[in-house]
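We just call them A, B, C, D, E and F in the order they show up, numbering each chain from 1.
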Amino acid sequence: MASQILVIVSLLAISCSLAAAGIEPGPLQDFCVADPASSACRDPKLVKPDNFFSGGFNVPGNTSNPSGSSVTSASVAQIPGLNTLGLTLIRFDFAHGGLVTLHIHPRASEILTVLEGSLLVGFVSSSPENRLFSKVLEQGDVFVFPIGLAHFLSNVGNGTAAAIASLNSQNPGFIAIPSNIFGTSPPIGDDVLAKAYNVDKSIVEKLKAQFHS
Amino acid sequence: MASQILVIVSLLAISCSLAAAGIEPGPLQDFCVADPASSACRDPKLVKPDNFFSGGFNVPGNTSNPSGSSVTSASVAQIPGLNTLGLTLIRFDFAHGGLVTLHIHPRASEILTVLEGSLLVGFVSSSPENRLFSKVLEQGDVFVFPIGLAHFLSNVGNGTAAAIASLNSQNPGFIAIPSNIFGTSPPIGDDVLAKAYNVDKSIVEKLKAQFHS
Amino acid sequence: MASQILVIVSLLAISCSLAAAGIEPGPLQDFCVADPASSACRDPKLVKPDNFFSGGFNVPGNTSNPSGSSVTSASVAQIPGLNTLGLTLIRFDFAHGGLVTLHIHPRASEILTVLEGSLLVGFVSSSPENRLFSKVLEQGDVFVFPIGLAHFLSNVGNGTAAAIASLNSQNPGFIAIPSNIFGTSPPIGDDVLAKAYNVDKSIVEKLKAQFHS
Amino acid sequence: MASQILVIVSLLAISCSLAAAGIEPGPLQDFCVADPASSACRDPKLVKPDNFFSGGFNVPGNTSNPSGSSVTSASVAQIPGLNTLGLTLIRFDFAHGGLVTLHIHPRASEILTVLEGSLLVGFVSSSPENRLFSKVLEQGDVFVFPIGLAHFLSNVGNGTAAAIASLNSQNPGFIAIPSNIFGTSPPIGDDVLAKAYNVDKSIVEKLKAQFHS
Amino acid sequence: MASQILVIVSLLAISCSLAAAGIEPGPLQDFCVADPASSACRDPKLVKPDNFFSGGFNVPGNTSNPSGSSVTSASVAQIPGLNTLGLTLIRFDFAHGGLVTLHIHPRASEILTVLEGSLLVGFVSSSPENRLFSKVLEQGDVFVFPIGLAHFLSNVGNGTAAAIASLNSQNPGFIAIPSNIFGTSPPIGDDVLAKAYNVDKSIVEKLKAQFHS
Amino acid sequence: MASQILVIVSLLAISCSLAAAGIEPGPLQDFCVADPASSACRDPKLVKPDNFFSGGFNVPGNTSNPSGSSVTSASVAQIPGLNTLGLTLIRFDFAHGGLVTLHIHPRASEILTVLEGSLLVGFVSSSPENRLFSKVLEQGDVFVFPIGLAHFLSNVGNGTAAAIASLNSQNPGFIAIPSNIFGTSPPIGDDVLAKAYNVDKSIVEKLKAQFHS
């Protein structure tokens, strides 16, 4: 009975959420394994090697979708030991002609290694204004996407392609630019979009139609 | 002529005094006034009150342009004493129907106060995915745009409008989304854009035409 | 009655959501709206545009007090969406001759814009030792107070004055120097103060009398 | 009995109030005193001077142990007011010939002052590779150990010795290198250790025997 | 003569090596010893143990001055190896009745250990507003002053006193509150000070007279 | 002539070293490409896609050495665009029985993906004290090594093995524990090592002999 009360007290005491911190965590201890039963670190004495492990990164993702690409993540959701350590791992797979659309990670830079195939990659700077930095990468090539800049990956080879990437945040964020503008809920008004893109509202409506159902 | 060269030199030097650090500076001393003659702090004994000063923020900017809006900055380029202090000030002016286009600040959050007029503002989150948070603001209203998220400001009133905003970085960055995608140099290929926006290349070319000359 | 209790509860809860972190937060997610019901972020799916909004910044504060000045804040207490975003907004109003006393923000720099009137402002550095940087500002003038340095604002015009300021912390702190020394509870001993200011205890007691009741 | 349970509860709660944040805290408020009853800051109105106090740092520790040394800490466990302030204080005592073994603080640099005796101290850099920086220190001498580097302290004088040190983290961590390799639980395999140290397994087993019981 | 010039040059160079960064440095390498010949790190291959060393912290400072106290520092100026490591060491000595005046470190918290004597110490919070936390400390007592808060140390024993303190910044800053307000150059106007302290200008002038010559 | 002077001025102006910063850089601009001709950022207008590129990560390294392993890096030395972005990429190759010895990265966490073979990996915590977290990994398995903790990788399969890893620092540091203790220059004294490892000096000398020539 007494020991159960002890457990309840300590769970209450550690009830402040990880999310409550609201910050990019750097570690204050060896590790702070995310605890499914509370929002504090798991009791370090109960932490196991498997908390730092995930499998299956050699298995291609399913690319049978309109973009012809897939993104597989190993982040804190898959590897609770990543909590506070500032890293996320991603595997990209591409069907022939597949595209990972234009997107921004607001909270991480990314380093990419091509496992197979030929990828056209690019990012756009804000200063110099709207400068495109792009390159076709082959197997074993490495490329860097700086934090906060729009980038894309396009399979320009004859077959499938695959790549692995690391990002230096446990929650890099993903803003898919086309749908973040034309597929919002509720929609951004046609007036705003027509003026922003300097086109007729008919074109705005066509673009919106691709991202709303 | 000579003074124009002087201006160029000092702008290069100031921008390098920021760039050299390569970091978002927090202060290690009372202040570190950007020094046009080097990339170090100005000798503190030579610093003057005017190094922390800029004027004219009550003067509306010129909105006679296609967007019907103007952006006036007081950042480290105008106020060298802002160096390392992590703040930038902006004044927005709007003609009737004016728009500050969809854009992202990769390195700062923003707090906005409406000085006059009616502004429709909005930002889009990445999680929840593509959720629009928008509101019509009147004089004296305050609104916040979180770091790294796309946002816009549109004059929906009957007259002109003006607002003032602060950002918590000395170099927030400005990614104008339409031109950062459709107006890059060199251009992003039509293949990539047509697939990303899921439209014909003819529409992609029409969109590009608005941002290339 | 019930709504007033609600206000008290939610202020307690918000201050916990700040205090729990115990750090100057940088965001780990798009936003972390302070949740009155806990110390974690509000469920992002329940967040609304109004969580990023506050009104009334065009309304002068009440300056009918001994200092002849008022300070109106839009911080995380008023705008829960500011949580983790590192910004606070302030409006100053001044009666004729009004003063915002000498004070220090231990956790933020400040950028000030004069809305109307004439303000004598100044800050004092620690290195160079005790150097005063001051200037009379008019409408539209902008001035910067570096983090951690003592500063003041004094209405030196013929009428009222008003200004708006931004600080790069969600909890900048406010140390009013005269009362932080002469109005503490319990009081600092006369021996210490007489030696520190190198004056008779009778003067120390006169100074203390202004800040104790 | 009851008081012992109380101690256990409050140690759990304090260690969680640190762990919950999962970060090296910089303050968001004047102070955030660790609260044994929760993982949030103690209510600031209930904080007392004693929360920032600890005594007995003039009392030598017990050095009657194989290493002939003792380490006394004043960290957040002893001084709850240290929470979020990024400091830990340590007192070292040495019997004749005593040693504080080779160790690493992964989260803090250290500045040491010799109170009495003669201490041989040293740290080893990683770049330049494996360079030893060592010196014999006497009373009043000050030495610095950079964060993350292996270091040791050895009493090389004729009598006892004592020193005081500060570390700039509230949880610096302590990796005692010999036992962190040869005394782990479960043990690191003899194959790995024999190859790493390029010696026979018999020597590995002899080394392990010193740190396992 | 030559050595004095050398000292001046190397102080200038060190202060540049700090100032250039313009930030509170955390290390990007094992160490970055301040280089008197430039503002970069000294070539790591030329770094020596003495770069991390300073002597004489057992020698009382000279307290024959009006305050009856002295402050001896071991910061990056004395120990170039402290550069980027975020630590400063201080020794306080007190004559009978000596005082270290009310002051603020804008960039560091402080942990104090009493070596001998009896010290009345105190700090004042901003929230709760103007709360004094004070205590009389004896030999071996430890006390913490949180970053950015006004504090003082007063010898209340019958003899001399001494203490040692560590601060977690390589440049904590020192704002002596009385002289930072009443001894500035140029002076803060009597109008401002009389209103701030709510006393006659004659008292303001008496206070100023203590700090101006 | 004039333009050449301009170039000289701007190079002088950006002559403050990247090393001068002495900090883990987070970006203040889109990117800050390391400039071989100075220690500031390369002029952003001269930056090219190849500055973010490196090739050959599909080529196994040479494992014909006593450890039977090789480490290939893509850090800022190979990819100047990585400067300030906080990422390093590593490829490990292993001969049959190969070992990457026990080592610590003082400035980065690491996420590892096995490309082929079977690897026994492990790290040791400091709290809980000396706990080993180890696991045998196969192709496609992912494992995390927290910052500052000792770890190793050992090929326990029947053939060769290879893995790729990312670290969240542009200069993670590498402390090979056996040689960092037994192979230092100058050597750590036998007295210290014999007492630290609790063995005869003859064993200490045997261990030293493996790492000194």
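What we mean here is this: a residue touches a chain if its C-beta (ideal position, glycine included) is under 8 Å from a C-beta of that chain, and two chains touch if they have at least 3 such contacts.
A quick map from chain label to UniProt name: A, B, C, D, E, F = Germin-like protein.
Keep in mind that what you see is a predicted model, and the values were worked out from it rather than measured.
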{"item": "Topological distance between subunit A (Germin-like protein) and subunit D (Germin-like protein), in contact steps", "value": "1"}
{"item": "Reaching subunit F (Germin-like protein) from subunit B (Germin-like protein) through chains that touch each other, fewest steps", "value": "1"}
{"item": "Chain whose Cα centroid lies at the greatest distance from that of subunit E (Germin-like protein)", "value": "A"}
{"item": "Chain whose mean Cα position lies farthest from subunit F (Germin-like protein)", "value": "C"}
{"item": "Of B-E and C-E, whichever chain pair has more C-beta contact pairs", "value": "C-E"}
{"item": "Same vs different contact residues, subunit D (Germin-like protein) with subunit E (Germin-like protein), by half of numbers used", "value": "same"}
{"item": "Separation of mean Cα positions, subunit D (Germin-like protein) and subunit B (Germin-like protein) [Å, integer]", "value": "47"}
{"item": "Centroid distance [mean C-alpha coordinates] between subunit F (Germin-like protein) and subunit C (Germin-like protein), Å", "value": "46"}
{"item": "Inter-chain centre distance, subunit C (Germin-like protein) versus subunit D (Germin-like protein) - centres from mean C-alpha coordinates, in Å", "value": "39"}
{"item": "For subunit A (Germin-like protein) paired with subunit F (Germin-like protein), centre-to-centre distance based on mean C-alpha positions, whole Å", "value": "25"}
{"item": "Sites on subunit D (Germin-like protein) at which at least two other chains make contact", "value": "20-21, 23, 25, 27, 29-30, 39-40, 106-107, 122, 126-127, 134, 147-149, 173"}
{"item": "Chain contact graph, described as a line, ring, star, complete graph or other shape", "value": "other"}
{"item": "Every chain pair meeting the contact rule", "value": "A-B, A-C, A-D, A-F, B-C, B-E, B-F, C-D, C-E, D-E, D-F, E-F"}
{"item": "Parts of subunit B (Germin-like protein) lying in touch with subunit F (Germin-like protein), wherever the complex brings them together", "value": "5, 8-9, 12-13, 16-25, 36-40, 106-107, 169-171, 173"}
{"item": "Of all residues in subunit A (Germin-like protein), those that touch subunit B (Germin-like protein) in their complex", "value": "66-67, 97, 99, 101-102, 104, 106-107, 120, 122, 124, 126-127, 129-132, 134, 147-150, 152, 154, 173-189, 191-192, 195-199, 203, 206-207, 210-211"}
{"item": "Subunit F (Germin-like protein) residues touching subunit A (Germin-like protein) - in the complex, by the definition given at the top", "value": "27, 29-31, 44-45, 47-50, 52-59, 74, 79, 81-82, 85-87, 89, 109-111, 113, 122-123, 125-128, 133-135, 137-149, 164, 166, 168"}
{"item": "Subunit A (Germin-like protein)-facing residues of subunit C (Germin-like protein), complex", "value": "17, 20-21, 23, 25-30, 32, 38-41, 83-84"}
